[in-house]
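Worksheet: one structure, shown below.
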Amino acid sequence: MNLAQRFYLREVLSGLGLTAGHFFRNMGRHIAHSLGRRDARGAVTIQYPEERRPLAPRLRSLHRLVRREDGSPRCVACMMCETVCPARCIYIVADEHPNPEIEKVPSRFDIDLGKCVFCGYCVEACPEDAIRMDTGILEFSSFSRGGMIYTKEALLALEPAGPDGRPASPVPIPADRRP
Amino acid sequence: MTEKILTRNFDRADAHTLGAYRETGGYTGWEKARTMEPAGITEEVKKANLRGLGGAGFPTGMKWSFVPKNHTGPVYLVINADEGEPGTFKDRYLLERDPHALIDGMLIAARAVRCEKAFVYIRGEYVEPYRRFAAAVKEAYEAGLLGDGLDIVVHRGAGAYICGEETGLISSLEGKKGWPKVKPPFPAIKGAFGMPTIVNNVETIAHVPHIVNRGAAWFAPGIYEESVGITLRQLIDRAGGVSGNGRLKGVVPGGSSAPILRADEIDVTMDVDGLRNAGTMAGSAGVIVMDETVSIPEALMVVARFYAHESCGQCTPCRESTGWIYKMSERILSGHGRKEDLDTILDVAKRGAGTTICAFYDGAVGPYISYIEKFRDEFEALVTDGAGTRARATPAPVAR
Amino acid sequence: MMARAAFLVIAGIAVAAALALVLRRNTVHGALFLVVNLGCVAALYLMLGAIFLAAAQIIVYAGAIMVLFVFAIMVLIPGKEETGPDPRRTWRLLAAPLGGALLLELILLVVGRTAAPAPTGAAPSDNVAAIGRLLFTDYLLPFELTSVLLLAAMVGVLLLARSREGSAEPQGAGPEASVRGSAKPQGSEPEASLR
Amino acid sequence: MPKLTIDGKEIEVAPGTNLIEAARQLGIEIPHYCYHPGLSIAGQCRLCMVDIEKAPRPTIACNTQAADGMVVATQTERVKETQRSIMEFHLINHPLDCPVCDQAGECWLQIYYMKYGLYDPRMVDEKVHKPKAVPLGPHVMLDAERCILCSRCVRFCDEITGTGELGIFHRGDQSEIGLFPGRDLENKYSGNVVDICPVGALTDRDFRFQVRVWYLDTAKSICPGCARGCNIDVHVNRRRPHHAGGKRVARLKPRFNAEVNKWWLCDEGRYGYGFVDDASRVTTPVWRSEPVPWDTAIAEVTRALGRHAPDAVGVVASPKMPNEDLMAVRRLAEALGTRQVGFKVPPRTPGDQDDLLIRADKNPNTRAAELIGLDGDVAGILTAARSGRIKALWVFGHDLFDSAWLESDVTLALGALETLIFTGTNAGRTSALAHLVLPATAWVERDGTFTNWEGRVQRFRPAVEPLGEALPEWDIVGRVLGMLGHAASATRAEHWFVDLAANVEAFRGMTYQSIGETGRMTQ
Amino acid sequence: MIPESWYLALSAVLFTIGVVGVVIRRNPLVIFMSIELALNAANLALVAFGQRTGSPDGQALVFFVMAVAAAEVAVGLAIIVAIFRVRQRLSVDELSMMRW
Amino acid sequence: MIADLGIAFGRVVFVMMFVLNLGGLLTWVERKQSAIMQDRIGANRASILGLRLFGLFHPLADAIKMLTKEDFRPARADRFLFGLAPFVSVFFALVAFASIPFGDVLHVSGREIPLQAVTLNVGVLYVFAMLSLGVYGVMMAGWSSGNNFALLGGQRAAALMISAEIAIGASIIGVIMVYGSLDLQSIARAQGELLWGWIPKWGILTQPLAFVLFLTAGIASTKRIPFDTPEGESEIIGYFVEYSGMKFGMFAMADFLETVVVAGMTTALFLGGWQVPYLVAAGFHFPWGATLALPPLVVTLLQVGSFITKVVVMIFFLMLIRWTLPRFRYDQAMRLGWLGLFPLSIANIVLTGLVLLATRPA
């Protein structure tokens, strides 16, 4: 580098020019927007809770347990998901089913979302297509660890997201936040 | 025209009685055998090269000689009258028309193997043969032929094809499930009730008195009811030609297990070698003739159903592939076949062959393969045409 | 009156800060008290009309010298204060009467001269220009000597602060050099990246 | 001694050895389902095909006896192709429900499919349907669809127990295992059919759905159920504590020992581990109904034992205690100087016995207690206690009420004591009366040795961590000995065994190493 | 107007404190700072005297004092740091040797 | 007397309010400007009664948050200095603005009111002195936290500020030489002169090199990006790691105030201070001869407006730099200060002296 280059002044100025250009262009759009030009948008930001981006169909959101026609879980408590889960956040307890054609059922199926890493392995591993991560629900939080544990009943009550990716069932309220 | 040996009395209405049998030279063989050493009898039968006529064609004399010489316990003679092969009725005629010929042969055979108790295992469906034979045994007891040195127990089967297999028959005789036994040990060493046991076909034993009577030299190959030099076509013609529409489609020359012959292949002699050269076998020599109205896929399905039903279920290859092939053949017939099914049947059939305890499956393989290989166009028409002759309302169920 | 009151307040703070410097064990606190003291002296300079000196006092003393001190103290692990037994405690205690005597002597000296002539006039209003003119005329030689002294000091400090094993390591000059001297010498990567 | 070659390696085997066993001795695996060394040969699965030189086609190895000069190949293309075909036949009607099958993970269909199958499935037709989830007896559940009709279970019931409850019914691909009419699979060894079932057709009703087998850890152990000392594997679940209701010991499986139990284990032993995770377990030292730290408890024991004349102190050891602990008790008795030591408590009902495994003596270590010299008169001790001649009594393991003695006698005897110390795994009526209750580890929580009825010393190993603060008895006794002023150097059970081997003639020369996996006979 | 004697008195007090500090403290840094304190007191006196005479000479002198003090501090601190690096302790009583 | 005091008080209050409010507003400006530069929207959620006002309430919300947060003090901290440090920082940043003039003299009812918080004939030195004392706040904070990382951060900050101030001082000297005064007011006035009759004699034109050097060093002394190695908020850990609540806020505040001071100093020294081109006391006096008479009050308002505008533009520029350039490594910053800015400043002085000598009217 020659001496002039080592001063960086030109590069610094061109950098400043770039950012300043962005600033003034966006500022102009903001002003135009506030003056009534609705199509002028100075920012690419989404106003999250009010505006939502469409979710990708493959997005992994809150789990749900798929139901049979009679409403019972499709899950046969084979423990594949529990075994494959790298976070060990799935807790299944198996029980005998009165119908000998159905080998077993989960008497308990808890997911500790406080531990879950949303890898989707459970969905991959499930031989019965009994667990899916397609609810579109992304907001679940709790004030306690216990509140992050979702039970079989809660997971069974969830519906898949609509075609636009919006949740079709209400966001489950953790136990410790119920009135 | 050759001399009739076994069927010589069939025309007499009272052929099944002791009197009639004696009249035609009955029990002279036995009389002669009583004077012979047991080993001598065996030697004679060996020399005569009497082959088992149940289908496998094992030399009878050799079988007898397998009985351990130093054995001290009882030795059993079991007569296999469980004639289950579809299309075969030869033993039935013997039992019905000439039961004393069997008893005569049994007496000689028992002497040869030093047996004091013999069993006759009669197919459960053979009601009249059983009655006739049981009556003959009673006559023989009354005449003093039996009871003195040999007892005969007549046992009725319960309708299982596999009990025609000698070890399956022994199992059944022992009161067990009619499952063939693993060999070794062979029955001649350790058979029924753990004792040396000789199992022979009815027809085989019925030959024995004649061999003893006339000597081994007389019983040379070629002395049969009909000359074995006759071709299959001549045989069919003599039997009155092809029934139905009269146009021949195929012939199964030796019971259902024998591979089928197409109409253009029937100019073969009916001897063992001739049939073997034609790719089939003499088997029990019951000939099944099919005219052109017969659908070979349907025939295969019927045969497959028979084998699937009759497999004892002991060996895995037989148990599973007979059922599988039946399902496939039925599916093909119903118009839901897939192109690869034909090759799958051929492959499955070939793979299972020779891996089982008994020869049942090997027998089943013959029709499986030959039907498809020789009439493949018929099968392919069903497969490619989709809905064939008997369209099924619901699609074939597939694997869960 | 207000001026006297202001003087008394400032002088009180100055003395208190000076005492705190000497008596407090915590060196960092001491240094900061010295800064307070210096600030007070600068305020007194202001009252005396020496505006330039006041600014210089703050910039040089408080802003540079004392920063250096504080820097050094902080780098030298402030936990290591004067601890442990003091074998010369009695000797040191002698300082109190001695100091008292010195103070007495000085006060006497000052009081003895109170009869001196009154101030001849107010301080020059723009004393910055006056001092500047003085420095570059009458005191030009000392001024230049001072700069030589400073240069010598700078060279000396660089020599002292340079790490022993590092032979020709280029180091930044100035106060930070004495601090960084305790740290590992700068590698040559930054230079390389600048080229 | 026939000498044969298998896969190029020569071996000499005993006459009558079949090819599977001969190959096994060479470390060559020949896959099989129906063959079991403890049962007769059925030759049904047809999987154990090998190529024998000069034979026209592959032959089953299980029914072929090794003959001199035989040349056997297990890896020829023909054999592999045949094995692949047989695997396909085995699986065409087998339900693909591995995820819900309890056998998954230890299923020979899975294992052999991966090793010898790996074909492209061609079966598209409906599989054969058979009864599912049929209880065969108190311990065994049948899923006939999964059955591959190897007939091992049938042969077991025919040949080993001689009870013959099971048979194979129907024929062809409709064949299925079943009970003979009016029978239940309730012989004393019914659990073994689950072990020998190579697939998931017969499952253990006790273990079903409790834990997936891949969560289990295994430790070699000895069944404490009777004096036979059957070799077992203890399967414990330490990775998924929420499974099986928190039970740590998931099941016991027999471990082959030709000299003791062969491949088998009786149901009483197999299902007798329930006390390990029972709610009645004692988990912390209790002194006068208050949980106390071990140091306090040991100090109290020492004080209670030390303040009486030697013969005013009684010790009732237990034949359920391992050798090491019995040796420690002997040392304790010597240290106390008491002669009031015994271990035999007559059971309320005499135990049953048969010719196969089950022994009438339901204690695993009676023989050792006799050899170590603890065989005193327990009834006499109780009498002495009742009359006040014994002030302090230390009872190990026994619930004295669960005996042939009159309950009133026991109550009076124990009630007359100044101090009753109970050491054991589970609480009972004796521990309820005890002033000090010291929790002992169950046998699966520690290591040690048992001496079976014929004098075979066998080693068992820890499978799980001790529950709560429980300690092995040797440690408890050792601590007390330490407090009494004796050098307490034992920090492992093995140290006590060294003491035992050095000082008890019958055990002379034994070490844990020399005991090995199959045990060693006492002299 | 404040009598300059006040300044001188303050200067005297500060100077005394500085001197006492030099004597009683062991930490070379504190001693150093005490010296600065004394220098400052002297400066104050100089300015006060300069005020009295009305000439800026006193201030010029103070300026030089400051410069010298800066140089002194820089060198002195460097020496102290160098010593500390070797000794890991700071006490003038232990610095009786000429080399380290 | 009372009136004088009142006027003096008013001047001080005006400057303080100006600087403080601007500093507070800067937290909003920083967020909003960066957001707009980066195609974002920026803080806009805080609302009062649904009124959001482009996020203008966020500084308020911040203040409330910081005041109500736990004021945590580490166990090993030096209690006194830990509490004092943020105040020292804010104080010196705040008082530095005192001598910067924001207008010419205002004549009100016969009085001459200098539009400057404090009239000081060494104004430049004063600002310089105050900035150099700001180091103490940083060092005290770093040392008193009882945390080695904080101490190291403090050391970094002090070293950086010192090296920056050396460069600041040296670069200002050129300006002082050109305008011949240490008084910021007279420097500002002198910049109203016209070069060759039509070019305003602003510092940026007479001392372009000094302008660049001063601006660079000024940014460095505020410890903001690209010279934020002392703080390195998210990754390096600075001298105020241990601070929370309002004390933390005061350090941030000091940074913003210093930004305002640097902008003010740049304006006063290089951008003509309160000067409006061609505006003299009587009104506009354009070089081509046209004039526009204006009442004195309007002139003063124009001057004050000009000053404020220039400061705001400078702040915008400083923010622009802050959101554009990447951070210097610590050694790079030091190297820049000592081997770049300082020698160049000296060169600038020499050059200026030579030019002045050459152009001195004989």
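So that you can tell them apart, the chains are marked A, B, C, D, E and F in the order they are listed, and the count of residues begins at 1 in each.
Definition applied: a contact is a pair of C-beta atoms (placed from the backbone, for glycine too) under 8 Å apart; a residue touches a chain by one contact, two chains touch by 3 or more.
None of these values were measured; they are calculated from a predicted model.
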Going by the contact rule set out at the top, which chains touch both subunit B and subunit D?
none
Are the chains other than subunit E still all joined, and if not, how do they split up?
one piece
I need the chain pair with the most C-beta contacts, please.
C-E
Cα-centroid distance, subunit C relative to subunit F, in whole angstrom:
27
Using mean CA coordinates as chain centres, what's the gap between subunit D and subunit F in Å?
84
Between subunit B and subunit C, what is the gap in Å from one C-alpha centre to the other?
127
Roughly how far is subunit A from subunit F, going centre to centre by Cα mean, in whole Å?
46
Where in subunit F do residues touch two or more other chains at once?
none
Can you pull out the residues of subunit C that are in contact with at least two other chains?
52, 56, 64, 75, 175, 194
Can you list the subunit D residues touching subunit B in their complex?
41-47, 49, 57-58, 60, 63, 81-82, 85-86, 88-90, 92-93, 95-96, 122-128, 148-149, 167-168, 170-175
If we count contacts the way the header does, which residues on subunit C are in touch with subunit F in the complex?
28-29, 32, 35, 51-52, 55-56, 58-59, 62-64, 67, 70-71, 74-75, 78, 126, 128, 172-176, 179-180, 186, 190-191, 193-194
Sort out for me which residues of subunit E touch subunit C in the complex.
1-2, 4-10, 12-21, 23-27, 29-30, 32-34, 36-37, 40, 43-44, 47-48, 50-54, 56-57, 59-60, 62-64, 66-75, 77-82, 84-85, 88-91, 93
In the complex with subunit A, residue positions of subunit F that touch it:
33, 35-42, 212, 320-321, 323-325
Parts of subunit A lying in touch with subunit F, wherever the complex brings them together:
9, 12, 15-16, 18-20, 22-23, 26-27, 30, 42-45, 47
